[in-house]
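Across the two complexes that follow, chain A remains constant while its partner is chain B and subsequently chain C.
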Partner chain A sequence: MNLERLPNEEKLSLCRKYYLGGFAFLPFLWLVNVVWFFREAFVKPAYTEQLQIKTYVKRSALGLLLWIAVLTTWITIFQHFRAEWGEVGDYLSFTIPLGIP
Partner chain B sequence: MSCSPLWVNTPDRSGKRTATGPACHIRRISGCDPACLPGEGRSSFTFSASCNSVEKKIYVHLNYTVPCVRLLNATHQIGCQSSLSGDVGVLHVLESEENLDWVLSSGPNPPYMVILESSLFTRSVMMKLKNGSSRVAGIVVVAPNTNPVEGFSPHTSCPNENTGVYSESYDPTLAHCNVTVWNPLGNGLSYEEYDFPIFSLKDDNDTQVIRQCYLNHNQAVNGSSPRYPLCAMQLYSHMSAVTDTATCMRRNDINFSISPEMVCDPLGDFNVWASTRPLNNTEKGHKMWEKVVIAAARLDSRSFFFDVAPGAESGASGFITLLAAAHALRNVTQEAQPNRTIFYTFFQGVSSFHTIVLNTAHCVHAKYNSVLPLLLMFFCFADDYIVCILCIKHFNDLFQVRKLIENLQSAAAGLGFTVGEAGFSQPLPPSSFQRFLRARQIPGVVIENHQLNFTNRYYESMYDNAEYLNVSYPPNLTPEEQLKFVTDTAKALTEVATMVARALYVQAGGAENQQDNINADRQIVSQMLYGFLVRSNNSWFQQLIPSDLTSHLSKLILNYTSSEPTLLVQYLLANLTGSAINITQENCQNQREDENDKESKHMFTYMWVQGAAPPNNTKREGFCVRSTVRLSRAVSPAFELRDYTSKDYSTWTESRWKSIKGRIFLVASHELEMLTLGVGVGVLLASLLLTYIISSKADILFSSGREPT
Partner chain C sequence: MANNAEDIENNMDQQQTNTVPEPPQEASVTRARSRGGSGAGGGGGDRGGGEGDVGGNSSSPEQNGQPPAARPPLVVETEEDEDEELTLKYGAKHVIMLFVPVTLCMVVVVATIKSVSFYTQNDGQRLIYTPFPEDTDTVAQRALNSILNATIMITVIIVMTLVLVLLYKYRCYKVIQGWLFLSSLLLLFFFSYIYLKEVFKTYNVAMDYFTLAIIIWNFGVVGMMCIHWKGPLRLQQAYLIMISALMALVFIKYLPEWTAWLILAVISVYDLLAVLCPKGPLRILVETAQERNEPIFPALIYSSTMVWLVNMADTDRPKRNSTEAASPQQETQQAPIASPTPSSPSQDDGGFTSNWISNQEHQLGPMQSTEETRREIQQMPSARPPPEDDDEERGVKLGLGDFIFYSMLVGKASATASGDWNTTLACFVAILIGLCLTLLLLAIFKKALPALPISIFFGLVFYFATDNLVRPFMDKLALHQFYI
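After this line comes the complex of A and B, so read on.
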């Protein structure tokens, strides 16, 4: 979809949908929001809806950073300690590697 | 179910392999097209022009590989493990123990794949290699064609140390082999854990190719380091299970992943037993004060490597003697049935783990309700005409034991060999009997061929084979003639079998004057020795089994750890103690004597066997054998109770694996590899740059012929 061809109201509504969608445990929507609307929000010359779009993009970026921090921490801990957790580690795993603890 | 190391993997029956062999372990032994393999005497890597595949030009695959596999119990893992994509190491043929220094510290091209001759396969060398495992990629042991003279036993020096009756709580002075070290040659190698794969190769032409490759490329000349390219070997034996039995059984059971994988299997198989008097299978409980006599032998064995465990002296001699004794008693127990029933039992799982016995003991006790004194006789092997009997100490019913010994001695007296009695201070050797004694105190004896420590120099190793038992045939005999030839070992075992049969008969209450009619048949003993130790695919065994099992008789040497011994012993026992009856094949296979018979299947087992092949090659005439032979599951109670950390019962499991193979090839130096990679990356970048430049100047470069109109 080419954002150039959309009227501004539709751009705003799209941005809002992606922003709200990201709250359903979908941080990728926030990532898409940030990447896609970055130029619209910060680079293009000002227009009426741009302020709202800017807010949404900033909040999406914040949410994205939070998710990245949480996931990175959890993945590091899990990969490091899964073997030591024994039974709990196995029940949390989707695929268990063969032949190594 | 699958692949059980010790005793077979029989599919449904024990949870391991199927009777057809390791179905779960895909042992791919990839071979090169013979036209491409290097010939003898030529250098390893010149190939004929018909071989076009690049892979075949690089790799030479190993044909006969016997790996060491991983076993787990409640607390440990033992055995070997390779990495998932195989371990690669530069070949090094170890010359002496001092030469280990090259491998462990001074060699310039670690990691090394060490090739050991059997004389260097000792505990000290293996422990040093184990400790230096960052520089060791794997070990290949070349198995000699004749047994090593000095003996070799990878088992511990005190077998069944913690599973027998002599424990700390029973008597600390007798525990841990304080009085007698049963297996003094035992170096305990089977029970260590190794980080690298260990394979065994036969000493044949393929191994000579490997040695030649080493001599051509890897040998250091005058102290300088050998130059690249070097000969290397890659071994694959990645084991799926890890840590301990509880972990791997838990991982077996997890079933929400997309591809559930079984990672290990409990060891288990079947015990075989038969009785002189048919028993009703559906009756539970017993008649009060009913007594039985049990004669038992062990059926299994193991070794350091997977699936090569002939167990000639430790197992085969014992159960062959018992089979011969059962056969000797067939006629007399049918005509003049003794007072007490005699049970012939063949136990699996005795070798290290002893669990099976207790399970069977439960089964026996459950049927006969533990208040009965049971008389037991166990024996392992006898030769040289000297048999020692070891007494039990500290048990109440010494009178019964004394009587049993007297029966044995009088039976032996008539046969011309001596039966010695060990003193009271001598503990019992490790045997199934100890497990029974742990449960309750019953009188019995263990018959062995040694007094103080094992005379078997190859206990639980791959060298405990026909050669060790002196089962040898004159040269130039056809297989049929070898089958019929009576060896000296067979004669010795026959004498012992006769003694045991006579003593059993008298012990069971038979008349003493009938003893002279009881004689074991040396022809049968010799045929059994041939079938179990030399070649199982012989005409006699072919007659005794049903037609759908003929493919199980393996080619040359019986894989002792497969389910074949169990099957063969089952059918042999049926043939030797049962009788052929005249009923149709359909009735026989449905376990009934005629259409209306509903009772016989509880008392007897009916088997339809192939029978002899008539000389003019027509179809075989099958017949039905009726006997009292039954199988009972031999798996540790720990798996039935799901208590995988049990201290009372054995918890041994064997890991599963995907592929076991090996190959050799030449490797280049690391610098050359990096250079090649660097040049490649450089060419890539240069081509990208060139493409970008050309594309950005395309209008200048390509517009010369076009004039705007």
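After this line comes the complex of A and C, so read on.
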């Protein structure tokens, strides 16, 4: 879909939908929102809806950073302490690597 | 036929502006017109576009309430000249536009086959559609079993195509759309879950359920949004490539060897017949669509660019191609591509549409079978009737089923060939050459063509020739250190 050809209201509506959708545990959607609308929000010359699009992009970026922080923390903890947790670690694991941890 | 197609296209355009079709139907409208704007690979395309423009111009004034006026021949010639130049300018670019995704899909499949052993293991599991085992005592028994398997598969596919044609004839659009939705859902969630599990196992990585759930959920939901709704073009193309690769991997895993080669050959023949014969189901489908002046139901097609009708941009929502994955069982072809794609609404974001019939159905329980894969190449519609909108992008479309079978051929070659990389590369080159030729033919004939036969035929010939003739030759040369 080419953003160039959309009227501005539709761009705003699309941005808003992507922003709202990201609240359903979808940081990837926020990432897509940021990357896709970055040019629209920050590079293009100003137009009426641009301010709102900028807000949405900034908030999506914020939410994305938050999610990245949470996930990185959790993954680090899990990978580091998985072997030591014994049963709980195995229960949480989807795949268990072979060999000595 | 071409003129009919153009008229239908124009009518469909008008229809689209008048109604608000649902996205999948809109998506179907986005099929490339047969008069094909950008003929990839050849000069014929834009010549056809020029003729198409003539036809379009004569029909569009009708829509505008003006009497159809014959164009002055001078203008026609100028347009044709311009179109010819445009064809030359666009021809190679569109071939490349299709080469890249086909190559990417094949690379993903081959890389997975080489690294993740799961997809080459023989677990003894078979699809319900190929019930006869191939590990039999005698060669004759094996040959018989594989022929029976291929027959069953092709029968299933033909039945599904006919069901689809019937559904379409009796206007059960909701059923078709729901089917497509469910099959892409299955593909994006379940198959990618299995794929991820096997990749993690191969690389001995620990993964917890929480992170996995987040990954699969994100991948799936964003995929559904990109494919069935709106999303960035590149992302949609990437998703279509990924689901084609997943499907091809499933095929490679669950089809025994001889059956797989036979199915490839038979499917190519079927593709040829279904699209080109007057009584072929796909042709009937297209003609029905044309009679009704409707877009053909959405199929999964990969389009390389997007085309926008300027005057439609304000009134219509961008239409997307819905994606359907071709399921192993059925790959019925989509209605011939030729006519019905109106240029305007095509929003192709290079999406693949693939008809799916998930082969997991029988494993998971009853599910609806998906549809056909469109294996035809369509050309994107050329500029709309008003010639001033000629600056729209043009692209070429290729059905997802084509991607799946190409990748399946190359993947099978890399999995089972004794010549290994030689054979894989030979098959890869053969398929690309076949694709080039098909695009050339498309530019010349300017109507929907089956994309499978030429490529698969070349691929099969190259595979068997390389494996049985070239490889022993090269081995002997290397053994005796004889350089030629």
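The rule is simple: the second predicted complex is superposed on the first by the 100 of 101 C-alpha atoms of A that agree within 3 Å, B and C clash if a C-alpha of one lies under 4 Å from a C-alpha of the other, contacts with A are read in each partner's own complex, and residues count from 1 in each chain.
By our rule, a contact is a pair of C-beta atoms (placed from the backbone, for glycine too) under 8 Å apart; a residue touches a chain by one contact, two chains touch by 3 or more.
Here the structure is a predicted model, which means the values were calculated and not measured.
By the touch criterion stated above, A:Glu87 is placed in contact with chain B alone, chain C being left untouched.
Partner contacting the larger number of chain A residues, of chain B and chain C: C.
Once the two complexes are overlaid on the shared chain, A:Gly99 sits against chain B and chain C alike.
In the superposition on chain A, A:Leu29 makes contact with chain C only, not with chain B. In the superposition on chain A, chain A positions 93-96, 98-99 are in contact with chain B in one complex as well as with chain C in the other. The touching residues of chain A, when paired with chain C in their complex, are 1-2, 5-7, 10, 14, 21, 24-29, 32, 35-36, 71, 74-75, 78-79, 82, 92-99. For chain A in complex with chain B, the residues that touch the partner chain are 86-87, 90-91, 93-96, 98-101.
Looking at the complex, you find that chain B touches chain A at residues 81, 84, 238-243, 247, 250-251, 254, 257-258, 261, 263.
For chain C in complex with chain A, the residues that touch the partner chain are 197, 200-201, 204-212, 214, 217-219, 221-222, 225, 230-233, 235-236, 306, 308, 310, 313-314, 317-318, 320, 347, 349.
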